[in-house]
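See below for the structure under consideration.
Chain IDs A, B and C follow the sequence of writing; residue 1 opens each chain.
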Amino acid sequence: MRYLHIANARVIDPASEMDSVTDVYIANGKIKAIGHRPDAGEIEETINADGQWLIPGLIDLGGHLPEPGYSQKGSIDSETLAAARGGFTHICSLPDTKPVADTSAVIKLILEKAARAGHTRVLPLGAMTQGLEGEQLASMYTLAEAGAVAMSNARQPIRDSYVLRRLMEYAATYDIPLFLCANDLSLSDGGCMHEGTVATRMGLAGIPETAETIALAQLLLLIEQTGVRAHISQISTRRAISMLRQAREGGLRVTADTPLANLIYTDASVTGYNSLYNVQPPLRSERDREALVAAVAAGELAISSNHRPHEIAAKKAPFSDAESGMSQYDFFLPHAMALVNRGELTENQLIRALTLIPAKVLDLNQGITEGNDFNAVLYQPAQEETVAANLLASRGHNHPLIGKTVIGKVNAVFIEGVQVC
Amino acid sequence: MINDSYSDPNKVQLTEDGRLKHFLTTEGLSRELLTEILDTADSFISTQERAVKTVPLLRGKTVVNLFFENSTRTRSTFELAAKRLSADILNLDIARSATSKGETLMDTLWNLEAMYSDMFVVRHADSGAAHFIAEHVTPNVAIINAGDGRHAHPTQAMLDMLTIRRHKDGIEGKIVAIVGDILHSRVARSQIHALRTLGAAEVRVIGPGTLLPRDIEALGAVPFYDMKKGLADCDVVIMLRLQKERMQNALLPSEGEFFKLYGLTEEKLAYAKPDAIVMHPGPINRGVEIESAVADGSHSVILNQVSYGIAVRMAVMAMAMSGQQTPIITEENA
Amino acid sequence: MNLPDIEQTCQELAQRLDDLIRTEQIDNPILVGIRTGGVWVAERLNEEINCSEEVGTLDISFYRDDFTRHGLHPKVQGSELPESIEDRHIILVDDVIMSGRTIRAAMNELFDYGRPASIRLVCLLDIGRRELPVQPDLCGATLALNDGQLVKLTGPKPLELTLA
């Protein structure tokens, strides 16, 4: 047995509640020993991880890969590389590609391309309805068979409660999890930012919080009725948090995530009409942001990337004309660490929201424990770096950190024991 | 909380020493600067009353009217203002040309750069469009916002301020009511900012709940749903135009009900001060937001607004062009 | 450098203007002062000899030739002239004449108001350094300044001259 030996890393593993400086030994892609040298075998390589953290690989519950169909925005190769550098070992790709991921052919294409690129693992999300048009059920069983880990509606509307109910009943039959976005199009249509004081002052059409909460109420009641395995993607409001809390207290099994951007930025960022901050779900008020952070701290919420790369022309337009979305994969972990550096979250709370909680949603075993696959990140928490556009692996330069300095650097990412970056 | 401001729209429109180099919004401009615009406009009013109405100030300069939204009235007052400053003017009705073929705003701007103009007067359906153009156009081109989406219509607001100053002897201490569709009104937003900066005692907005934005108090205006209460003691009543589309989008039941509740009649005008003035940015919808007796009556200064419009536009065009020419004013000798 | 006594200069200039009006039989002249110093001087002259019913004021900000270099003067106050200057005899008054450009701008502006019968120029001080062929009909005093020196008139009461 030939081992990879990682020495003196601060191992932070929320699953086993571990946080201590120790040694880890890896062989054949799995963690063989923590804290003690294994009896047999020899050390092939030692990495001196003095001052660095060893944490489980990050898992993204929702990012937009622009392949197939949007080659001007990027490719599976470029975006999975960016994700790996950001600290992700696994990302769920949303089905709003072109063509939509509603056939096994598209699912297989995504898996093949990701495997060939050899960076982050991609766990494709299939479309819930054909063409994401919200009318006809997609062949969910076939998509799951081809490798889709769950089905998503990618913020596209479902025609009505009837179709939504049938969708859920069908998925429940085969124990297929649904990733649902809560978005009432009749209230959000035409809006481009959070409805509030900033929108009023800037004369921009707003998306009220009820666009999310009304849709969420509908989803929660139908989830209860149908018993489907459900995860709510990309929530953005304080009210949604309390609705979810209440539902769970009532015994409902439901998980949720929020995009990193909604934890860091608010609608105030839109001042100046910077189209970079045109995102869906919109960046909401400070009150909403604080509630989202509190929910992450309490372990109720996972953090997703909502990564959406765009070419320059898509963003170089007046605010409401620009396409929504932020490039997020590059520098993701140091970006997220800002919340820890500012004292809003502990290291453990942040890492848990990016690893343990998403792993549970996907039924994955992700953690630094003996016997697990070695999916992990070596992170240097103190290193400062200025983000320049040419440092991005993603082809989407619509990234809020460009020109800014981050503290922290991903030094290495391992997937099944292999260092991918 | 990371508050990541891209750029303050007010920094974009001012030179280092605080003079106008674009005119995008009344928001955030100092009282001194707004007053300077009014004073400059006043001196242009006197030139409009002479035999030769032109001054040679902008001779040799090229002004381009870039209207992405149709508007014959506003466009022609800007045209007249440019001509009276002796500038050359070009009218581009983009609404009917390139962008309808799918050309992006950026491409339109790049194509226009070849024309070497000194100023664009821009009207666009997107809030923030004038700001976007100011940020992306070649340097030394002044941008005058002739209305962007719901955000701002600063020249209209300034001509309204000039009207109040001339007919009510100043804006300080006055109670001003703006009535109608505030939600969709860029004029109202610009007026509210200017009135507050220039010292109005109170700015009121009056209309049904569907047409008043929920956070309007944050801008400094007091909302009223009732004309009697809203107009009590007002010195100035500004009526906004009601667009027909509002009836279609579930915002209002009918013109009739709107007129009953908010239409300015002589009876409702009596709630205001006896010497109150009535204003309207035009064009007026007789019988919808205002009755003819009031529109044509002794309190109305609507026609004066139109003539001040040219002087105000001459003023901001001269000031913005000046700011573009001379980023910093140094000591000058006569 | 001996600065002339402004009070005395004004009085003498007023007398000479009075003489000129009578000698040349200038019928019903209007005094028009160029802002701001020229207006003070014009009013001071009118106080002495009362030759004009009212003193017109001319703001030449919109007629200057240095817009490209210096932009718009921040304190534009506008011009005020009697209703019509058509066929009137204008006595144009300025405090200091130097390059002659101010007078050129003033005359262009006057002609945009109408066609005067004549324009005569009265200046309180001539400091030379002409750049255009413009000369005053009457001048209070001449002054030769060194390189870089300027004069400044403050007023309206009292009218005072300082070197800058």
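As a convention for this text, contacts are C-beta pairs under 8 Å (C-beta built on N, C-alpha and C of every residue); 3 or more make two chains touch, one makes a residue touch a chain.
Computed from a prediction, not measured in an experiment: that's the story for all the values here.
When chain pairs are compared by their number of contacting C-beta pairs, A-B comes first.
Chain B has the Cα centre that lies closest to the mean of all protein Cα atoms in view.
Remark: chain A and chain B have CA centroids separated by 44 Å (rounded to whole angstrom).
Chain centres here are Cα means. That of chain B falls 39 Å from that of chain C. Remark: chain A and chain C have CA centroids separated by 76 Å (rounded to whole angstrom). Not a single residue position of chain C touches two or more of the other chains.
On the side of chain B, the complex with chain C involves touching residues 19, 36, 39-40, 42-47, 50-52, 54-58, 318-319, 321-323, 325-326, 329, 332-334.
Listed in rising order, the residues of chain C touching chain B in the complex are 59, 61-63, 66-72, 74, 76-80, 96, 98, 102, 108-109, 111-114, 150. Interface residues of chain B, counted against chain A in their complex, comprise 1-9, 27, 104-106, 124, 126-129, 131-132, 136, 148-152, 186, 189, 213-216, 218-219.
On the chain A side of its complex with chain B, the touching residues are 195-197, 200-205, 264-266, 268-269, 271-274, 276-277, 286, 289, 313, 316-321, 338, 400.
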